[in-house]
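Structures for review follow.
In the two complexes that follow, chain A is the common piece, with chain B as its partner first and chain C second.
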Partner chain A sequence: MTGIVARRFLWLVLTLWAVFTVTFFLMRAVPGGPFSTERKLPEITERAIAAKYRLDDPLLSQYRDHLGAALRGDLGPSFSQLDYRVGAVIAEGLPKSLLLGGVSLLLALFLGGMAGWASALRPRSLLDTFVMGTSSLGLALPNFVIASLLVMGVAFPLSAIPVAGWGGARHLILPSLCLSLPYAASIARLLRTGLLEACSEDWFRTARAKGWSRGEALRRHALRPGSIAVVSYLGPAAAGILTGSLVIEQVFAIPGVGSHFVQAALDRDYPLAMGVVLLYSLLVGTFNLVADLAVLAIDPRGANASGGAE
Partner chain B sequence: MKPLEGPARAARSAGRSPNARALGRLMGRRTTRLALLFLAGLVLISAAAPLLPLASPAETHPEWALAPPGAGDDGAPTALCGRDALGRDLLSRIVWGARISLLTAFAASFVSLAIGVTWGAMAAWVGGWVDELMMRIVDLLFSIPFIFLVIFLGTLARGWGFTGTAANLVVFLVTLGLAYWLTMARVVHGQVVVWRGRESVQAARALGARRGAILVRHLLPNLVPVVIVTLTLTIPRILLVEAFLSYLGLGVQAPHVSWGILARDAVEVLTPIATPWWLVLFPSLAIVTTLSVLQYLGDAVRDAWSPKESY
Partner chain C sequence: MSGKSKSVLAGTAVALLALGVLGPPGRTVPSGTVVVGLGGDPSSLDPGRVTSVRDGRLVRALFEGLTVADEETLAPLPGCAATWSVSPDQRVWSFELVEGLRWSNGDLLVAEDFRRSWLRLLDPREGCPYAHLLWCIEGARAYSEGRGDREAVGIATPTPTRLVVRLETPLPHFLALTSSFPLVPVHGPSVEASAGSALTAPSRLVSNGPYRLVERSLRERVAVERNPHSHRAAEVAVPRIEYLATESATTTLNLFLSGEVHWATAVPTTILTRLVEDPRLADACTPRPHLESAFYRVNVTRPPFDDPRVRRALSLAIDRRVLCQEITRCGEQPAATFVPWPAPALAVLAPGATPPFPEYDRSVAPASGGARHASEVAPEDWGGLLHDPERARALLAEAGFRVPGRREGAELPGFEIHYSASPLHQRVAEWLQERWREELGLEVRLRRSEGKSAIAEQRRLDYDVSRSSWVADYLDPMTFLEIFHSSAGPNRTGWADAEYDRCIEEAGRKPGGEERNRLLAAAERILLERGPIIPLWYGVTTTFVSPRLEGLGANALDQQWPARFRWTEERP
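Moving on, here comes the complex of A and B:
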């Protein structure tokens, strides 16, 4: 168990290092440094700036300095947001994005879990057909389409639900719905498949033969093996929700990391963009690690399989 | 046409290659034929867009701004899907948008195919530590949230001065392709590893065939099924990502139209007072229908080429 955690953690560090290295050198390869402007500065000033920020140092020693600074959590000044360092911009947006993402993930789990459970309880019933039909629609709907449909169909008619902005819990309703629906659809399908698969096992038939109701047997015996696929899907789902928040934060004018990232990309604010790429690599990596550990907790048999063999 | 069962089916499939049989299984389903028909129609319409009796997608008519679908009053020509905030004909924009969206999806998928097949096949064929290194790189890239890297690369590309509309489009295609070759590389790698151990390959080697000849004659043909399956599953993903990025203003740029741009245009003019529903509805319908059809085809192709897993 500790071996797996250690290996996965090392892998995460390696990934972050690779992302840093690749983005750093790509960034340096782009013509026009951070201080090149339309206005031509006197050559002596340019040299002074270059000396101050050590732009004339060999690339490798610049790389070493920046890597050291990044390890201390300092990603340099933002190119587009005056007086802000990258760390400060991220620190300002991250709580909002994490709150939105967290709420969306919980909502996806709740909605998807309920729907999947209900359709596994009565497979091929009207409800099951409805749930499966809706979920295949939900899978095909990109979240920006869901967003405009919800804004038009829900937020405009109901004045209690705000169209955009950030403030109270009411502001979270629409964005988290948009973000969670596609993942709720996937979770519903995965849970249904997992539960139905468990239903065809001998031990499930035995439980039923003991006189348990289908619901009881599902809850006490099938839920655990049936939810493995859902739990291992949580890693990719979290990554998808973070990605989706790029669009959703734009649509609903939420000042989170996603909006900052899109703005940074439009403004060519390389350090900020790089900082967000690093941050999201870290988040996604951590989340995948947690999801994998959760799968191991549910089904400890996997620990030996993946821990023993290379 | 009803699918043949039992001996009749066996008799028909005797003497046909696995690929031909898979194609037969695929085309034997009516929904698949319908989906293909839809796709062919879409490709045909978007390819023939300049020849169709449509208004130009860039032609603005401020006086008819936000005209609803149907025959226009005050002398405006009929706009079947209505007009946008600048009075441009929405139907024409959807058709021209289909050109860019489909082109991006298909072209970027082929970029990913080229990179993925080369990378995966090469790694598996060379073997040893090179294989290990190449596939670890794929693993590494897999654990990065890729859309962020695509956006970052696009930003850098603009920094390099690829800002002309055509150049921009090409850069965009290549970045998308660069981002989505990983699955292809893994799948192809797995397949080559399986096949290089087969007796047919060993026999060819024993007979003195050169490595290159074995690769071309014995391995590549066996890659066709997995490559087709992965490709058809990649196309809708890239179509979605294109719409996503264009929606954010980071994909296809202004004079070009794509479905993502149309969806974004719609959101920008939505207000509680005036809801031009047609601007939301028609582009969304185009995106959702095409995505569903492509995803369905992807699944159908996968099932046809791996009959054991379909039930």
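Moving on, here comes the complex of A and C:
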């Protein structure tokens, strides 16, 4: 187990370095500089700004300096938020994104878990058809469409639910619902499939033969093997909820880090774009690692296979 | 369901509730607060570093310059300066500050604060984007370019309340410049202490305007409250203003419709035309003239656009009335000049309003040839002045190209319309593509570029015909015309005309008056007859304002002075 963690950690570090390098050169290869605007500044002012942010240094020397600073945890000043350093921008937004993502993930687990369980309990029933039909819809609809529908159908008629903004639990209702629905749909389908597969095993039929109800047998024998797929899905789901939140953050005006993801690139804010890309890479890597470890904890048989695959 | 399963489910539900309820701190907006949808975060709250209209809105709440602009006419009114005078040769300005001015922390504000702030703006190490606004001051440009001495800059403070400024040459709009946001004073000790990157904490931002900073949260809001130390504190009617950093214009509109935003400065352009026509929003949105000229640049370094007849033909083939009525549809008016809003065009949108440059009597170059004074054109004829497809075809034929209905001449090579990504720009480009194909038989392709890339491509002259617009920096026709001087940075067309340059340079040396206007009008005529532009329309301001919010002026730059806002609790 320790070996797996060490190897995965090493891969994560290498991945982050690769992401840093690719982002650094890609950003600078895009036409248009951070301070180029419709109003052309006098040459002298442009040179002074370039010198101030050391944009006039040779590219490789900039790369070396930025990599060194990043290793020390300093990503430099933001080029679009001139009063902030990148670390401060992320420190302000990340807790809000994590809160929204956390609530959404729990909501997805809760809704998806309930729906998947209910479907598996009575497969091919009316309820099952309804749940699977709804989940297909949830997967097919992009979350900004769900968001618009909810704003029109819920927020405008009910004045207690705000159309957008940040500032209280009620501001979390619509965005977390929008964010969680597609993931709840996936979780419901994965759980249902996992449970039904388990139902076809001999030990499940033995349990039923002993006189246990279907629900009791599912809970006692099928839940653990049937939920492995769900647990391994949670890693990418958690990362997806966080990266997917950039659309929802825009639509509901959530002051998280998601909105910087696109805006920093459009503004050619090299340091901020770098900060956000590294942050998301780190989160994706970490969530996947945690999910893999959780799967191993549920089903230790995978430890060797998983270790071999690395 | 067993106890274990129940506890898992219950645990998830409880965690959800706990996160939801205890998560973000609840907040209520204090009564009487005006909420403004700013359309995004300000790039900075340091007046020396900001450039955008959005930043300017906050600077005008937090700081006050020597003068403040009248909310209707933009004429300079006393601000920190109670009175001023100018020498007979129009080169030495003397400002007498209001007695007892104070910063928001209680420190005394003196003339030296202005001097130090302006020198900071000019400091070559600071790289302040608007430093060039002060290049009109003696010795300022040399200092700003690292060639001169700081002490040689012509700004003096003979007494603590007197600021004396010596200009290189007379500048008619110098007084108006003193109300622009980069020229407000900044509090020396706090700027030095912040080392240029920490004006984020409300406790550190010391300002001198009608409001002071009380909250700043990135991507969320900037909140300001009445500054008790301001000499205008008694005039300020709205105790608190919150500027929301909501970026999505659609979300801002939703917040406006639900009553949570009272002034939406950014509106969704894709559905704007429908919103403007919506009777429920009729009270909230009145398109007003904006000092903006929308046009296409033509790259004169690429044949066949090096021939002025080809450029003129492209311009004459367009019916701008149709463009404004069917494509832009928000009150924009057809442009037949580059300097926006001459009287006949203004009369259509805002009958009775005073044109932004009442003394500037420019001539237009109508399709029919010759020159006419703008003031002689009837409002109903204005839109069609530059529309004459027949003449456009004749010009192309004269230039040696084949046109529909003729067999002679060379085929005009196909070209590209270059535009930055936006639904409106896309629609306009498609419409022009169709017009040029129909009227002149031209093969036109479209090339869309993302915002900053589009600017970079324009600078490299990597385009044939490119979408552009220009908004006035100050209230003078020169703010438009100077950009096509052959040495001007924003020219970006490769066009150079010695006569045009001479008119602009000579006008720049005149203190004002008829002769200066005549030179500027001559320059504009050259620009229209053989210049590198295809004028399209004069812009409008479309913001949504709650009928309960009063005090917003109808000026041509949409500059608002928050100290004059009034809020009525009940809808009148």
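In the analysis below, the second predicted complex is superposed on the first by the 271 of 310 C-alpha atoms of A that agree within 3 Å, B and C clash if a C-alpha of one lies under 4 Å from a C-alpha of the other, contacts with A are read in each partner's own complex, and residues count from 1 in each chain.
Convention: contacts are C-beta pairs under 8 Å (C-beta built on N, C-alpha and C of every residue); 3 or more make two chains touch, one makes a residue touch a chain.
Because the structure is a prediction, the values reported are computed rather than measured.
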Contacts of A:77 with chain B and chain C, given as first, second, both or neither: second
First (chain B), second (chain C), both or neither touched by A:19: first
Contacts of A:49 with chain B and chain C, given as first, second, both or neither: second
Partner chain in contact with A:138 - chain B first, chain C second, else both or neither: neither
Partner chain in contact with A:30 - chain B first, chain C second, else both or neither: both
First (chain B), second (chain C), both or neither touched by A:239: first
First (chain B), second (chain C), both or neither touched by A:156: both
First (chain B), second (chain C), both or neither touched by A:266: both
Which partner, chain B or chain C, touches more chain A residues: C
First (chain B), second (chain C), both or neither touched by A:256: second
Common interface residues of chain A - those touching chain B in one complex and chain C in the other: 30-32, 151, 156, 163, 250-251, 266, 268
Residues of chain A defined as touching chain C within the complex: 30-33, 35-42, 44-45, 48-49, 51-52, 77, 80-85, 88-89, 92-93, 96, 99, 102-103, 106-107, 109-110, 113-114, 151, 155-156, 159, 162-169, 171-173, 176, 215-216, 219, 223, 250-256, 259-260, 263, 266-268
Contact footprint of chain A on chain C as seen in their complex: 1-2, 5, 9, 12-13, 15-16, 19-21, 23-27, 41, 43-46, 49-51, 124-129, 131-132, 144-146, 197-200, 217-220, 244-248, 250-251, 254-255, 257-258, 260, 450-457, 459, 470, 473, 488-490, 492
Interfacial residue positions of chain B with respect to chain A in the complex: 140, 143-145, 147-149, 151-156, 158-161, 240, 243-244, 247-250, 260, 263-264, 266-267, 270, 272, 275, 277, 280, 284, 287-288, 291-292, 295
Partner chain B, residues of chain A touching it in the complex: 11-12, 14-15, 18-19, 23, 26-27, 29-32, 139-142, 144-145, 147-149, 151-152, 156, 163, 239, 242-243, 246-247, 250-251, 261-262, 264-266, 268, 270, 273-274, 276-277, 280-281, 284-285, 288
